[in-house]
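Structures given as structure tokens follow.
Consider the two complexes below, in which chain A is the common component and chain B and chain C are the respective partners.
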Partner chain A sequence: MAALRQAGHLTVAGAAKRFGAATVLDDLSIAVAKGEFVSLLGPSGCGKTTLLRCIAGLLRPDSGRITVAGRDITTLPAHKRNVGVVFQNYALFPHLTVAENIGFGLRAQGIRPAEAAPRIAEALALVRMSEHAGKPVTALSGGQQQRVAVARALVVRPSLLLLDEPFSALDRKLRETMQVELKHLLREVGITAIFVTHDQEEALVVSDRIAVMNAGRIEQLADPATLYGRPASLYVLDFVGQSTRLAGRVSAGGGGLVSVETALGPVRAPGAFAPGSRVVVAVRPEAVTPGAASPAEGLNRIEARVREVSFLGSRTQLHLDLPEEGEDRGVVELARLPEGIGPGSPVTLSFREEDTMLFPAA
Partner chain B sequence: MERLGLGIAWTALIIVILFLLLPILVVIPVSFTEATVFRFPPEGFSLQWYQKIRNVDGLLGALWLSAQIAALATGLSLLLGTLCAIALVRGAVPGAAAITTFMVSPLMLPGLVLGIAFLQAMREVGLRDAWWSLLLAHVVITMPFVMRTVLGSLAMFDFAMVDAARTLGCSYPVALWRVLVPNILPGFVSGALFAFIASFDNYPVSMFLVDVRTKTLPIQLLNYLEISPDPTLAAVSTGLIGLTVLVLILCDRLVGLRRMASI
Partner chain C sequence: MSATAIEAPALPAPRRRMDPLGLLALPGIAFLFVVFLLPLALLLWSSIRGGEGFTLAGYWRVLGDEYYRGVILASLQLGLVTTSGALLLGYPAAFALARARGGWQVLLFALVFLPLTVSIIVKSFGWGIVLRRDGILNWLMLNLGLIERPVRMIFTEGALYAGMINVFLPFMVLPIYSVVRMMDPRLPDAAATLGASPWFRFTRVTLPLSLPGVVAGVSLVFSLAVAAYVTPSLLMGDRYMTMSMVMAKAFLNLRDWQLGAAMAAVLLAVAAFVVVGASLLQRRLGGGR
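This part shows the complex of A and B:
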């Protein structure tokens, strides 16, 4: 896997793109292995859609190189790249039927109708749309339209599939079903896929690896568990999942563990910071347990006051009253709300030192 | 009060409809009259005025010229106008809004002004041929009609479809032809229809550009009216009304009048 990744089915090397004064891609590089699902995750304006359009050939980067399967495609026009794209609102052709939409690419490539028909039928079956073949696409539901868009992109056997916010047009419930369904389908086809999304939950569900993007650069590229458990920066921590965080100052270092003074008490965490450095202490909501656990080695304890309680069904969120605004933010998730805890009540929280993360203060 | 107001509006509507339709409805029976003058109600029934169309000097030639100019000018406007509209909508053209207004502005200019301007301009560049002068001027006359409807259709068109066609193996021009053209067809058809009619019955611009041998239908008709005001003109008009109805039916079959009217 590591060797494959190094070779890279898709590689982007040093891509840059400017629109006027704005730098949208800033010397960006990424390598994606064959069959891998990678998400480009970031807020709007971070350059993720621009990167996707550069890979598809709909935009040309100002500098840098793009290769697919070892072939340099940087200057190849979109229609010669054989890169499939599922567009945000699917961009189905309303003047054609479902089957004609799927057959569009085959026809454009000059494949004879007799040869195209079985491939269209196969693609229809793949996305379970065979019985809708003759319908106009305007008569389909959102989920069905997405399946047609996927089939239309896959039927030409692209070397790569790009998906631009493919679930954003669907309502929440359907979105969750389609995420799993599409991931399974693409895995079966064995295609390499790049998802563009601003939804961190979606990225966690569909990807083998996630590239968190910020201002035209990749902030961190890692598998979902690493990204969530060991975010490389405050930006990534902020973008993926929730956390409790406190501003603090390092009081002592050594032994791989540093001690930090915070407004809610001292905590210890793994890291390498010089005494006196200003840091942000962060812990994921589910790593926190309530109650005055018996003092033990390797456990941090803080005292706080509950501001608000949100019941979310499978879990309950406590929003903590924190002394300072700014970096401080307190969200704790519990499987069950302990008795006697409500808005305004004091609470003792403990979490393991190894679950505690330290970042340099911005 | 509401009833009264609505009643007035209703009455106005009926009067206006009658006013719009009556002249057209009068012309049809008059064309079948036996009398030699333009008079309503018609006397008897005959087809002599239809037969006479062929014998009137220059009438059929003028009809053919007008049809030629209108068809060619409309076709050129469709091609050029669509390309211009795409550039204005997609090309990040500086001052696109101002240019758009400018390109539909001949709609608001009096034809006389345009005609004099053309006469002057053609003389300056030394273009003396009436046919070419008429064609050029009529491209300018028809362009705003095409621009208006095509811009309207493009505003509702999702250009991601063109991108989709490109990633599926179509070059940019082919993608426009296979995806953009069929989807803005109603805009094309209604734009073309208005443009054709605007060219076909244009008088004020054409009258500066025609010569003795090259006369468009409206000019030839008016000339004829001055010499012998007989019901031949009613016969020609009835023929044109029939043609218009036929074209509208064809358009309805092709793209639907409702879709065309909504643009």
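This part shows the complex of A and C:
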């Protein structure tokens, strides 16, 4: 972690922010490497926007340090930071045209019109808005406004770009197109970017690494595959993707594998828990195979009953009846629904021990 | 409304037919006609009616006479000073009001608008108590050693201006407040992240976006202040004659309808000029650039 922090293009160290009695940022630290595209993923109200505002200089953290490219900017006012922001709902200047919006930063920084014009044209072309240059921004569609906001932020060549839920106002179809487009654009520009979202799928699509936020802290910062495959906590497991979960008690440990007694039978999984510990067993939906596979070494098998079947097009979800509400929930995803399985039918489910995750019970 | 065509290019051209909802304005229009337009027309009519038919003598007296010209100029000056003062005090107040939260907002609202609920007569007597020779302000300054002997404050132009600004301030604050309240507070933030200094943010973002409110407030306060009657009468009496005071005198004391009506027409022209000019300006500002 220390080495990462040194190498970070952006580092936030121990940032805290309170509004009255509410602690919104709680001793938060994060380091982002140069050129990296990091998502901040978390539920509404967990402090994502607050963190961005602190980094942009629109809010002063109560404590902690923020550096960009080794320079301490904690107390620098926003207009001296050169940190670009794409705001939630864009905050375009309604009294200006598309080109004037994009040129605003250049004018503000005293760049001569002769020098600014080609840069504005270039930015317009970059987001494919050249033919709309003279329109008032109020005449644009949501997707077009979003592109103007990105161009406006990029044209001043910020050392860092912050995007606060830039797609939340777009419909699903457009959003998916724009996600790929933005990822491509930012890679081309080679800028370091932090991207806020509360949509886990969006985070998985666009980012190099994802920081899962929970109540003012970073719960885990990792690449999408790690985050999905090895969530650091139940919270992350829950927030990213779906899973089948069973409460259990460790019956024996040793050799890197522990045995857990669950209501649906014994399960073995890698981990280090003392016998008697209360744990939660979890497995991702696609790691589970239905049907009575022949008993094999390294395979867990549980018996359950199907409650509901949801057809999702490319795959089918089985919702399982689990013995207890609360900690236990079951979602299994299958490429194809086996013959004779429907609501109420019993199923045997097998999954590899190494795919089985263990978490301390909350 | 020039912006509409640009905003929705795909829509067919709007048909020039009145919305039936417009009929709802009929009772209001009828009311205005009976209590406002009709008397006004009769008044203007009497301003050009002499002993033997049509005459402009009334206007000649009002605009040609040194004294009445002075009254018109004094009214314009009063309007100008009041409007400037109200703008200077009201603009920041409107922002404070729009950005304040919870208890603060209630308090500020009360400070700005409570005076509206107090009758102008009550206020004038209040000012008298504060400003007169043996009033509180003189007493205070004497005791603080700021002055040697009581200063005359009541019946001075300074007191008049202060009173006028006090009376008309809410009419400046309200339109600006309603525009600022609708303004996205993140716009100046966005400007800051683009490298704009506080001054640049104010002149290029905040000010232009608040101008419609300013124009509305200025035209409202100016047309009210130019026509002021009660406040200058109570605070200055005959020492500061405004157009409205001349009109009242002409109608009530002198029974000189021609004079009063001509003065009324001039006042109307001034107010109309300001209101029409302001709405043209507002359209220019609101219609994008």
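As a convention for this text, the second predicted complex is superposed on the first by the 356 of 362 C-alpha atoms of A that agree within 3 Å, B and C clash if a C-alpha of one lies under 4 Å from a C-alpha of the other, contacts with A are read in each partner's own complex, and residues count from 1 in each chain.
Throughout what follows, a contact is a pair of C-beta atoms (placed from the backbone, for glycine too) under 8 Å apart; a residue touches a chain by one contact, two chains touch by 3 or more.
This one's a predicted model, so the numbers in the text were calculated from it and none came from an experiment.
*Asks:* Should chain B and chain C be called a clash or a fit once both complexes are overlaid on chain A?
*Replies:* On the superposed model, which is not a single observed complex, chain B and chain C clash.
*Asks:* In the superposed arrangement, which partner chain does A:87 touch: chain B (first), chain C (second), both, or neither?
*Replies:* A:87 sits against chain B and chain C alike.
*Asks:* If you tally the residues of chain A touched by each partner, is the higher count for chain B or for chain C?
*Replies:* After superposition, C is the partner touching more of chain A.
*Asks:* By the touch definition at the top of the document, which applies to A:298: first (chain B), second (chain C), both, or neither?
*Replies:* After superposition on chain A, A:298 lies in contact with neither partner.
*Asks:* After the superposition on A, what does A:109 contact: first (chain B), second (chain C), both or neither?
*Replies:* In the superposition, A:109 touches chain B and chain C alike.
*Asks:* Applying the touch criterion given at the start, work out whether A:139 contacts chain B, chain C, both or neither, answering first, second, both or neither.
*Replies:* The answer is second: A:139 touches chain C but not chain B.
*Asks:* Quick check on the superposed pair: does A:342 touch chain B, chain C, both, or neither? Answer first, second, both or neither.
*Replies:* Neither chain B nor chain C is touched by A:342.
*Asks:* Which holds for A:323: it touches chain B only (first), chain C only (second), both, or neither?
*Replies:* The answer is neither, since A:323 touches no partner chain.
*Asks:* So, A:56: does it touch chain B (first), chain C (second), both, or neither?
*Replies:* Once the two structures are laid over each other on A, A:56 reaches both partners.
*Asks:* Could you say whether A:43 touches chain B, chain C, both of them, or neither, answering first, second, both or neither?
*Replies:* Neither partner.
*Asks:* So chain A touches chain B in one structure and chain C in the other; where do those two contact lists coincide?
*Replies:* On chain A, the overlap between the chain B and chain C contacts is residues 56-58, 77-79, 81-85, 87, 91-95, 104-105, 108-109, 152-153, 156.
*Asks:* Okay, in this complex, where on chain A does chain C touch?
*Replies:* Contact set of chain A toward chain C: 56-58, 77-85, 87, 91-97, 100, 104-105, 107-109, 135-136, 138-139, 152-153, 156.
*Asks:* Mind pulling up the chain B residues that touch chain A in the complex?
*Replies:* Touching chain A: residues 158, 160-161, 163-171, 174-175, 178-179, 182-183 of chain B.
*Asks:* Where on chain A is chain B touching in the complex?
*Replies:* 56-58, 77-79, 81-85, 87-89, 91-95, 104-105, 108-109, 152-153, 156
*Asks:* Could you pull out which chain C residues touch chain A in their complex?
*Replies:* Touch list, chain C to chain A: 3, 6-7, 9, 184, 186-187, 189-198, 200-201, 204-205, 208-209, 288-289.
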